[in-house]
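By letter and in written order, the chains are A, B, C, D and E; residue numbering begins at 1 in each of them.
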Amino acid sequence: MDINVAQLFQTINLNVIMPEVILSVLGMALLLVNVFVPSKSKGYLAWLSLIGIIGAGFVAVTGWGTTVSSFNDSVVQDSFSIFFKMIFLLAAGLAVLISDQYMSREDCNHGELYPIILFTTVGMMLMAAATDLMTIFLGLELMSISLYVLAGFNRDSIKSNEAGMKYFLLGAFSTGFLLYGMALIYGVTGTTRIAKIAGLVTQVGGAGNTMLLIGMFLTLTGFLFKIAAAPFHMWTPDVYEGAPTPMTAFMSAGPKAAGFAAMLRLLLVVFPAMKAEWSDLLWILAVLTMTVGNFTALRQDNIKRMLAYSSIAHAGYCLVGFASGTATGMSGILFYMLSYTFMNIGAFAVIVLIGKKGEPNGTVMDYAGLGHKRPLLALAMTVFMFSLAGMPPTAGFIGKFYLFSGAVQAGYIWLAIIGVLNSAASVYYYLRVIVFMYFKPGEEEFDWFNVSAPVALALVVSAAGSLIPGIIPSLLLQFAQQAVKLI
Amino acid sequence: MFDNVWLIPLFPLIGFLINGLLGKKIKNETIIGSIGALAVFSSFIVSVLTFIKLIGLPSAERSVNIKIFTWMTAGTFNADIAFLIDPLSCLMLLVVTGIGTLIHIYSIGYMHGEEGFYRFFAYLNLFVFSMLLLVTGNNLLLMFVGWEGVGLCSYLLIGYYFHKKSAGDAGKKAFVMNRVGDFGFLLGTFTLFWWLGQNHGIWTIQFTELAKNANLFPTGGVVTVITLCFFLGATGKSAQIPLYTWLPDAMEGPTPVSALIHAATMVTAGVYMIGRMSFLFIRSPETMMTVAVVGACTAFFAATIGTAQNDIKRVLAYSTVSQLGYMFIGMGVGAFTAGIFHLMTHAFFKACLFLGSGAVIHSMHGALHHIHSHDDAQDMRNMGGLKKYMPLTYATFLISTIAIAGVPGFSGFFSKDEILWQAFSNPLHGSVNMLIWGLGAAAALLTAFYMFRLVFMTFHGTCRIKAGAEKHLHESPMVIVFPLLVLAFLALVGGYIGIPKLLGDVFGGIPNYLEHYLEPVFANANEYMAAHAHHAEHSHSLEWGLMGLSVVIAFVGIAIAYTLYMASPEIPKKFTSAFPALHRAVFNKWYIDELYDFMIVNPCKSLGRFLWKGFDVLVVDGIVNGVAHVVMAFGGVIRYMQTGQIYNYAWSMTFGVVVIIGYYLFK
Amino acid sequence: MSNILSVMTFLPIVGVLLLLFIPKGSNGALRSVALVTTVVTFIASLPILTGYQTNAEYQFVENVPWIAAGPFAMRYNIGIDGISLWLVILTTFIMPIAVLSTWTAVEDKVKEYMICLLILETAMLGAFISLDLFLFYIFWELMLIPMYFMIGIWGGKNRLYATVKFFIYTLVGSLLMLVALIYLYFLGTKTGITDFSLVHFFDLKIDPATQTWLFAAFALAFAVKVPMFPVHTWLPDAHTEAPTAGSVILAAIMLKMGTYGFIRFAMPLFPEATHQFTPLIATLAVIGIIYAALVAMVQEDVKKLVAYSSVAHLGFVMLGLFALNEQGITGALLQNLNHGISTGALFLIVGFIYERRHTRLITDFGGLSKQMPIFAVIFMIVTLSSVALPGTNGFVGEFLILVGGFESSLRWWTIVASSGVIFAAVYMLWMFQRVMFGELDNPKNQALLDLNAREIAIMVPLLVMIFVLGVYPNPFIEKMTPSIKKVIAHTRIEPVTTAKVAVPAVAPATEAAPPADHAAPVQPVTEPAAEKPAAH
Amino acid sequence: MDISSVFFALVTVVAIVSALMVVTCKNPINSALSLVLTFFCLATYYAMLNAPFMAAVQIIVYAGAIMVLIVFTIMLLNIRVDANKKSSHQVALGSVMGIITLLLAGLFLTRGKVMQPVGGITTDMINKLGHTELIGKVMFTDFLLPFEVTSILLLVAIVGAVILAKRKLS
Amino acid sequence: MDNLNNYLIVSAVLFSIGTIGVLTRKNAIVMFMCIELMLNAVNLTFVAFSRHLGNLDGQIFVFFIMTVAAAEAAVGLAMFIAFFNNRESIDIDDANLMKW
């Protein structure tokens, strides 16, 4: 039972986790750079991170179309993981771009922010790429712990503290369930490698094996918590509201996608045999999530909180596609998470710009008159809002189209109908922002804020990303299809 | 052969376009008036030529369709812009363009100095155009175009003095009431078109085609439905019960309008239409009886109102309604020729009467204006003794009055007597004939009475106009008097083209020209009647007796009028005070307008208001907004689940886990 | 030019790009560019009219792949036939008028306004020419956005309520249609349909129960847009608050989307359901006619009155469509155009006086004829066209609708609907009388100016069209006829009903054949009466 | 009933009682100390399960490191008792939910079917080769990646703790 | 099997007690300790399974869970300190700025 080192190294293909390695190394380097470069402004760290993120992206893309596993099957590089890695990198890149202006304004411009964002990204990427319960768990925890820090990053802000604390306690609590679930799965199958588990599921009785079934559901709850599905969603509004805005943006896009990535892999690879069971559950949760998210968002004045509820609702839409269990719906999730990253971070970028120190002006009413004073900014916000609302010709529409199509294809007509009705209700609160921006005069003298270059870049990218895939979605959709097909 | 027929409606249309578009620029009244009159006169010339051509044909071929272009065609439905020239339409052409020309000429004088002079002539030309379409259209739809067109012009011309609210109201009333009739017309058209096509595969609305296939129609049944619908149309246009109330109000329009539209031409469209569709009407005994009874009732009813009116034009208006009733009696008893005959003679004498009254009003108005009096120039109580100021007007007016009263030798006598005789003797309605005849005769008595009351109050007796004004009264200019003379002449002699056979035989076999002339038009109807109705033989003596009775009735009416308004003028006042309620009721037109307001207009408005405020806003929109409110309220409630307390959140998570696990454990 | 349709449709977007480069303040330039764009678009649409071959085929077709992913394939598939031809022309015809109509009324944010108008034009044209269901849906939804802004930014006092109501109301309907659309597509994939092109779906045999649901979803979306009673309540609000151009476009073109949707999609795709729903829709249409007329009668606001009159008019159109015979559908399509012209003109007219007096209350007016004779004449003509006086356009359409309705199974409905002609006269003329006739007693009205050259220039084309369509509609009808025949053919229920097939299907196929043959001669009995062949 | 069963029962009683004390003690310090006791019980279980290395790590990491950190924090913040009154409905609802969880857990645990032993790790092997070595081999072959990830995880935790707990510099 | 089940039941009991603690306590640190208790229960499950299956993967998992628990403790306690610095309390009732 000696360890054959040569043999061990044969199992290791670093290329598979090269993007993660790049980001980790970069993160550590930036920690050092931050200490040794005596610059008050931390903007350069943002640019450095961005370069790393783009680099990681390029490295990641090269593996498209292939399926290579490494580390004794504990991690894999396939189109599915690459697609999600792109989403995470995108979210991280955009978050990095909009952070500096916000953090400088809020006086918590600590250079550690960027490494932590990068480590979070590493965690998310591992979640998407992991083929071992343990790797999934560690990826999840790496992501979560970093996010706890990011949520409470503005330590002088009571709201930020509160957000961090709530996120931490509830996150850790949900981890308990997740682990219990994993323990049960392990107990029934005797392994943590999901490929092996998958092979054993029917052998141990499939859905008839209660312990396995419950293990699956408990594991699922852990991910449902991350994607903010009802009734595991309650942390979302508070944390989103309290966390620093760029981090909220990041949190709303990245971890949600990561949660879906892990869930997709778990349910599609490991438990396809129990589709009847999980599909039923997700059906109900989708309805619940959409409804709770949308209906509560209707009554929100605080725009961050409103977007938090809206993000719950969007998780619900994705669950619609998930519940369908069809390739259409699944690819819809991938596409939707990508476009959601664009449009939601875009919207938060606008919030970053509008906000003042301490965010005393976080309500929808504070957007009154924006359409006349900053037409371009308002136009961008309009694009994001319409995209979130799912109006053609935005990416949001195509995404929803595929999600609901999946449901229809699987015969869940009512689910699709509830989905579209929810979507119609959601239009009200997205339109409300537009109403204030364009149809109401601004009350006071308008403060001219500057739009820093990184934020402007983020806005342009987000707007383009919300709009262009709405008009020519074919390519992205095909990528999403391939990604889903390959797992 | 009749290639130039399209010119007939074209001239007035051109006149309308010139006056309507450029009239404001032209400004010169003479030119505008001339254009208007010339347009109609040109039509008249062409009409005469057409008429001559037509009677040159053998009587069997006197029905010519001239297609101009295809108007619309969709599926089985096809309608052309095409004209039908036959004896009936030709007769109407002559009447319309002839009288039209005269009235245009008259209007040049009458409307002198009015604001919007050009507008008046434009409308008048447009009216003539529409009327010509109505009478020459070879299919129901084109007829309907004219039908609505004349209604529009009537609306426009009644509302000519649009700044007067009453004028606007009257115009609207006329249009809406006509629309009610049009509704019937449309339904009739639809049913006719559908039934024939459905059952016999003949999809047509063309008159000649329909007439050709008349024998396919059954007696009664669907034909009753169709014809009653058409008759509803006719009551609207021709002001019969129950849709007659607009006509008296229509007197708000300038007098030439009353003469042309509301006496001579438009209002007779209903009669004309029944004549056109005689082959169909005759096949429904029920409808025929309805037509006759409604006509008789209207004749009598309107006449009663006419006896108590003081406005000179209103008297004439009710008289018109009453006379139209006669025409409908004629149609309803199968005496189509007689009906058309009365239409024609009535056009002559009633146009003359209206124009005469117009001359009087014109004169009165001028006189009152001179002394800055605001007395009503149309109120007969302000008149009296005008004959010495306006002798020519008086003469023509008198001739026409005698004609309408039914004094033998004048045109009205022939036509009216023919109708009454047919009402009495026709084979269609059995014992109801007596009722129809009785009402007709009573109406004749009242007609003679109120018409002579009118003459006596206006032209005879003492002059009651405000002191100082009488010296400004004067005879009208030639441009006004000339049409009067022509029309009076026609009223005098017009009856001789339709001398009843009985009289004609006495005078050496003078034929009934009109009956001969119109024979092909009504051939189908007459054949049918001959075949299906049992003809009772009536002796000549009975006919003579009734004719004599008519004459007696006419003279009795005149005598009563003379007694009451010349010999002992205090009797009417006594009568009024003896039966105040009756007088008030008659004076207020039996409160029919009020009844309509109460029964239809107000409920409609209330219903509309209720539907708007009560239903649309409250219920329909209420549901919509209610859903929104419920959603919002729901959102407002469930947001409080979000307490901000971590243990609640944790509890909710645990709850979720427990429910999920529990569900799958106990499933 | 083979891609003339695309050129026409996206010309306004070119205009938008131009507008973006014009500085904000220069209103004159902005307006001119917008006007020129719309005029050029109109000119670009003329070759379509002249090049149109009178047959039932789709013409000027452009069909290129657009999206292809997963089970779906959407194509950029556009083309026109007799049904959409005139609506396209109507759109390009109305747009310059709409631009001109608010030449002076909109002083604020002209650039944004014109951009909205032009985007709207593209969206509307796109919806009319789409032959791909998905593409249609995109354009259909896209229309909402600029209109939402137009009402919301340049609208009246209560604009927020109106515009949000308009948006969500129409969205709810169309989203359900989206679900139905997807469902339909998946039904199609079972029989080998591989993309959203409309033509594929005509041959789809869908069982009646499914058709019922699909039709209901489609019909709801279209009925909201039409709008039919009882989902009409957004219309009065939207119309009242919208700026003139918005009202004109809304009435003249956007409402047509609803009826267009019915005839293009709902009816031919779901023939059985169409027959099944005919009584219901006809009932709602007739209720709409009478109800809207009664409500219109008592309105105090001219614009609201006109809005309700739209509901009544569109009721006629719906009745005509569901007569399901050539006369009815021809009439309905014609009435579509007529309503576009007449009601568009009415809204322009209301706009004129609103611009002068800043009120639309009927009681604020009276006797305007004296002060504004030209206006009075134009108003009169348009009013008469709206009450369907023969000789004007309104009559031809309405008459054909009623004839068609009478010939079809909807006879009794048609009889009731015919009474609408009375009500129309009542409310329109009463309104006209109160506004234009009577004493000119309000001192504010005594200083009113008559229409200026621009305003007359706007109205003249509409007036011309009122008479052209009224007097010589046949060229218009002729171009539509083949397509209408085709739609009717699609709408016709197959002679062998599914129930009949179901029984022998159990038996061997050889035995099943004779009953099917026997069933054919029985068919005319079940067929609606109107479809009997004409005798001549 | 053999001696191991008695011992198991004894440990179980201690573990559950101390766990209950964690939940019920008013003073956080008492809770913390009870928790330490629970950890010891768990270590005992691990030892009974033939996992001596895990028992050691349990003591060192949990009882040693984590609990010290917690106690340190409690002392640092000088927290004595729950300042606010407990709301009884919270306790009731929480307890009910916890008990239901327990019941359900009992159900699914007893109903489940566990794989028969699949691995080759037997008591003999552990005794022969040593638990630590076995663990080490598996960890550095099959679970090398997770192991590496923990390094980043800990780094983040350190950096995060520093960032969060640092007092404002000004 | 008996043996395994005993351990599993014990761990389930401990897990439930932990859950009850999280749901009933208001002191954030105590809540965190209860979460630790839950994690330990899971650990016990893992080890019991591992032992039963004769497979060390479960114990490796426990090892990582411990690491994560340590990391969480570090971050969590730092968070509590930050919160305490601002609010002078560690009671979660005081974490109620954001709600509804």
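In this section, contacts are C-beta pairs under 8 Å (C-beta built on N, C-alpha and C of every residue); 3 or more make two chains touch, one makes a residue touch a chain.
Please read these numbers as outputs of a predicted model, since none were measured by experiment.
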Centrality ranking, top chain (CA atoms only): C
Between D-E and B-E, the pair joined by more C-beta contacts: D-E
Farthest chain (mean CA position) relative to chain B: D
Where chain C and chain E are represented by their mean Cα positions, the distance between them in whole Å: 64
Centroid distance [mean C-alpha coordinates] between chain D and chain A, Å: 30
Length of the line joining the C-alpha centres of chain A and chain B, rounded to whole Å: 79
For chain A paired with chain C, centre-to-centre distance based on mean C-alpha positions, whole Å: 43
Sequence positions of chain A contacting 2 or more other chains: 134, 137-138, 141, 145, 148-149, 152, 155-156, 164-166, 169, 173, 184, 187, 190-191, 210, 213-214, 237-238, 428
Shared-contact residues (touching 2 or more other chains) in chain D: 90, 93-94, 97-98, 101, 107-109, 111, 114-115, 117-119, 134, 142-143, 146, 150, 153, 156-157, 160, 162-164
Residue list for chain E, restricted to those that touch at least two other chains: 8, 15, 18-19, 22-26, 31-32, 48-49, 52-53, 55, 57, 60, 64, 68, 71-72, 75, 79-80, 82, 85, 92-93, 95-99
Chains grouped in pairs wherever the two touch, ordered by label: A-B, A-C, A-D, A-E, B-C, B-D, B-E, D-E
Residues on chain A engaged by chain B in the complex (per definition of touch): 165-166, 169-170, 173-174, 177, 210, 213-214, 217-218, 221, 224-225, 230-232, 234-235, 237-238, 277, 281, 292, 294-300, 425, 428
Residues of chain A touching chain E in the complex: 133-134, 137-138, 141, 145, 148-149, 152, 155-159, 161-166, 168-169, 172-173, 175-176, 179-180, 182-184, 186-187, 190-192, 237-238, 241-242, 305
Interface residues, chain B side, partner chain E - complex: 639-640, 642-647, 650-651, 654
List of chain B residues in touch with chain C within their complex: 24, 69-77, 141, 144-145, 147-149, 152, 155-156, 159, 162-165, 167-169, 171-172, 175-176, 179-180, 182-183, 186-187, 190-191, 193-194, 197-198, 200-203, 604-605, 607-609, 611-612, 616, 620-621, 624, 628
Interface residues, chain D side, partner chain E - complex: 8, 12, 15-16, 19-20, 22-23, 28, 31-32, 35, 38-39, 42, 45-46, 49-51, 53-54, 57-58, 61-62, 65-66, 69-70, 73-74, 76-77, 79, 82-84, 86, 90-91, 93-95, 97-99, 101-102, 105-106, 109-110, 114-115, 117-122, 134-135, 138-139, 142-143, 146-147, 150, 153-154, 156-158, 160-165, 167
